[in-house]
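The following blocks contain the structures, represented as structure tokens.
Okay, so chain A shows up in both of these, paired with chain B first and chain C after.
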Partner chain A sequence: MDALQQLALILNGVTSTITVSIVSFFIGIFVGLPLSFLRVYGTKSAQILIDAFEKFFRGVPELVLLLMFYFGVGLYFPFPFKNVFFTANFVLGLRSAANQSQIFRGAIRGIGDEQMMAAMSLGLSKVKSVLYVMLPQVIIYSTPGLGSEYALLIKDSSYAYLIGVVDIMAYAVWIRKATMDTFTPYVISAFLYILLTFPIATFLDRWGSRKKKQLGLERR
Partner chain B sequence: MEFLLRYLWDILQGFIVTVEVTLFGAFAGLALGTLLALGDLYGGRVVSILIGAYTEFFRGSPIIVQLFFFYFSIPSLLETTFDAFAVGLVVFALNSAAYQKGYIKGAIAVISEDQMMAALSLGLSKIKAIFYVILPQALRLVIPAWSNEFCSLTKSTAALLVIGVKDLTSVGLRISSWHFRYVETFLVVAIIYLAWVTVVTKIADEVYERVKIPGIEISA
Partner chain C sequence: MTEIVMECKNLWKIYKDIVAVRDVSLQIREGEIKLIFGPSGSGKSTLLRCLAMLTTPTKGDVFLRGECLTKPGVDLNKARARIGFVFQHIYLFHHLTALGNVELALRHVLKLPKDEARKRAMSALEEVKMEKWANYYPAQLSGGQQQRVGIARALARNPDIILLDEPTSALDPELTGEVIDTLRDLAKKGTTMLIVSHEMPFAQEVADEMIFFDEGTIVETGTPEHFFTNPSTERAKKFMMRLIKRTRRE
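And now, the complex of A and B:
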């Protein structure tokens, strides 16, 4: 099997890699964004709970979490945890939520309390000032961080092959086992992963920095 | 959970492997990362491009690919085999160096912005200025980033399982598959990881507080 045939086979895995990373990226946004605001403006008990959640999902290896939820929790709740796709997205999504919550929290801090106070002094309620004043700025402020989070997810989605998601990594390992060619499949997969992470992360970083400058949000 | 007590010795041995790899990776990565940062800043264009390619490979591809690459691909080119544990040590050192290079480069840039010229004007050669003026301050500045990198390094060492190193995660997987008790075992494994990361982060914070120079901070 020559390199081109191998590449054609491995390309089949790209969809899985991209799907897992994008779905967990959006789980991360939709869980992480409310968490970050709750962590900053919420009650004391909410803050403690969120801290514990972040500590757990950021401090424990993704692989341990994947194995625990797929084999362990899946033993008691076969539906939905025995679905590899669900478990991969669940674990990586919550891990990403913990990371993104910190990214957003940094953005909220960076934008500062003045904007919040200004919005409330104009008569907006707390919820409205969060939604209309803080949120749009927070998202722009954190795009560079989100870019590296996306790159991290593309790379970490490779752990999912160990529980059976058929992604780039899985095809590379199959080809190695079938052809005994230990070199080409891994070079191809490394190249594909770099191709998937580098352009988008760089683009988000550039776009975010430019936008931040336009809006006068860069750190003083 | 009592069944885990019988495997205390195995868990401890797995933990020691994880500790060895993380400590070696973090410190060898610091040394190599410093060299890479200096090479990138002062080594000229060609060196800088080479270091950029190195960093892109290690930061852009998943750790599993890197482990496979060094465990299967390179030995097959040289027609030998490598010891899995040694591969683990080398890969995590090289990987961590690529990440730490970025932090150290940033710290050097902060310090040398005005101190480089001051040192040169006092009659120090460029090399002396780097080693006696810039680096001692830059390495102090980089401690918080180093401890973040230590956390993510610890998490990624769980991937050692794929090349058969008996680290904490793979010991956990073996024990739990003998007993079919995945949740309990992996919870204990997760707590050990959390404790290890917390202890090292606390030590790094303490060291940073002791050695930091008032007035020189990364945000300044």
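And now, the complex of A and C:
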């Protein structure tokens, strides 16, 4: 099998890699955003729970999480944990939520209580102040950080082949096993991973940094 | 006598071991302009924030048109909607244009339809002569322009009273003039205002009463005339001397 044929095969895994990464990324946003606001404005007990959640998902290696949920938890709850796509997105998504919650929390701190106070001074409720004043700014403020988080997800999605997701990595390993070529399939996959991470991560970083500067979001 | 718009009775604000506001009582009537001045760190900002219920007073009561805001169960969002607040450091919303900043409360507090909110926001911007800058973001405006938008944002809802916390002291000296002019216009229209400021010529011109504030409490009150000619306490005398010297230097 020559390199081009290998590439053609490995390309079949790109969809899975992208799907897992993007789904996890959005799980990360939709879970991470509320967590970050609850962590800052919520009750003491909410803060403790969120801290525990973040410590767990950030502290345990991703490989351990994947194997634990797929083989361990999946033993007792085959539905839904024996579905490889579910478990891959569950683990990557929640770990990303833990990361993103910290990114967003940094943004809330960076933007400052003053914006919240100014919103409240107009008669907006706390929820509306968060919705109309804090949230849009938090998202812009966080965009450069989200770029790195997206790159991390693309790369870390490669672990998911171990529980059976047929992604770029899975094809590379199969080709290695079938052809005994230990070099080309990995180089090709490395190239594909760079192609998938670099442009989008750079774009988010540049766009976010420029927007932050334009709006004067950095605190002086 | 006109109606009392805002009043506080025996107001205290105590942080852990600092008494920021000490037993303050004052009244502001319809159309009145009162001006608070005093050394920095004397609790003026804290007092204003207590009156706007942006921070909860430790003891004492705040009334807005006779309604007590400090008893439990009051809808503070509704109360705050009737109080305009202008901050020393302005705090415009960075992600919204000048118009967006003014419109926000009209849309989501007063719940006006889009067109009407826009119309009222524009007329508030006209009042502070910022209509040409409606579509600029705060970062594109000078400090003085930002503060005028801040004032438009505070007055667009037609609040019962506007509280202004040193609206010019964070600005470069050459930019204070335009903000003072805006405030002068508001004064002419009979807007009820409580202003923390050290702009003495302006105070002399518009204030119905001046309040000398030090160490968290009211030391002396009187007309501008009284303070400029013969303040009765030693502390006020000294402070006035310093202010007048500073104003001359400028």
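The rule is simple: the second predicted complex is superposed on the first by the 219 of 220 C-alpha atoms of A that agree within 3 Å, B and C clash if a C-alpha of one lies under 4 Å from a C-alpha of the other, contacts with A are read in each partner's own complex, and residues count from 1 in each chain.
The rule is short, and it goes like this: a contact is a pair of C-beta atoms (placed from the backbone, for glycine too) under 8 Å apart; a residue touches a chain by one contact, two chains touch by 3 or more.
Predicted model only: the values in this text are computed from it and were never measured.
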| item | value |
| --- | --- |
| Contacts of A:217 with chain B and chain C, given as first, second, both or neither | second |
| Chain B versus chain C as contact partner of A:77, first or second or both or neither | neither |
| Partner chain in contact with A:26 - chain B first, chain C second, else both or neither | neither |
| Which superposed partner A:136 touches (first chain B, second chain C, both, neither) | second |
| Per-residue touch tally on chain A - higher for chain B or for chain C | B |
| Of chain B, residues touching chain A in the complex | 56-57, 60-66, 68-69, 72-73, 75-77, 151, 154-159, 161-162, 169, 172-173, 176-177, 180-187, 189-190, 193-194, 197-198, 219 |
| Residues on chain A engaged by chain B in the complex (per definition of touch) | 55-56, 58-65, 67-68, 71-73, 75-76, 151, 155-156, 158-159, 161-162, 169, 172-173, 176, 182-183, 186-187, 189-190, 193-194, 197-198, 219 |
| Contact set on chain C toward chain A in their complex | 52, 54, 77-83, 85, 87, 89, 91-95, 104-105, 108-109, 137-139, 153-154, 157 |
| Chain C contact footprint on chain A (complex, rising order) | 111, 114-115, 117-125, 128, 132-133, 136-137, 140, 214-217 |
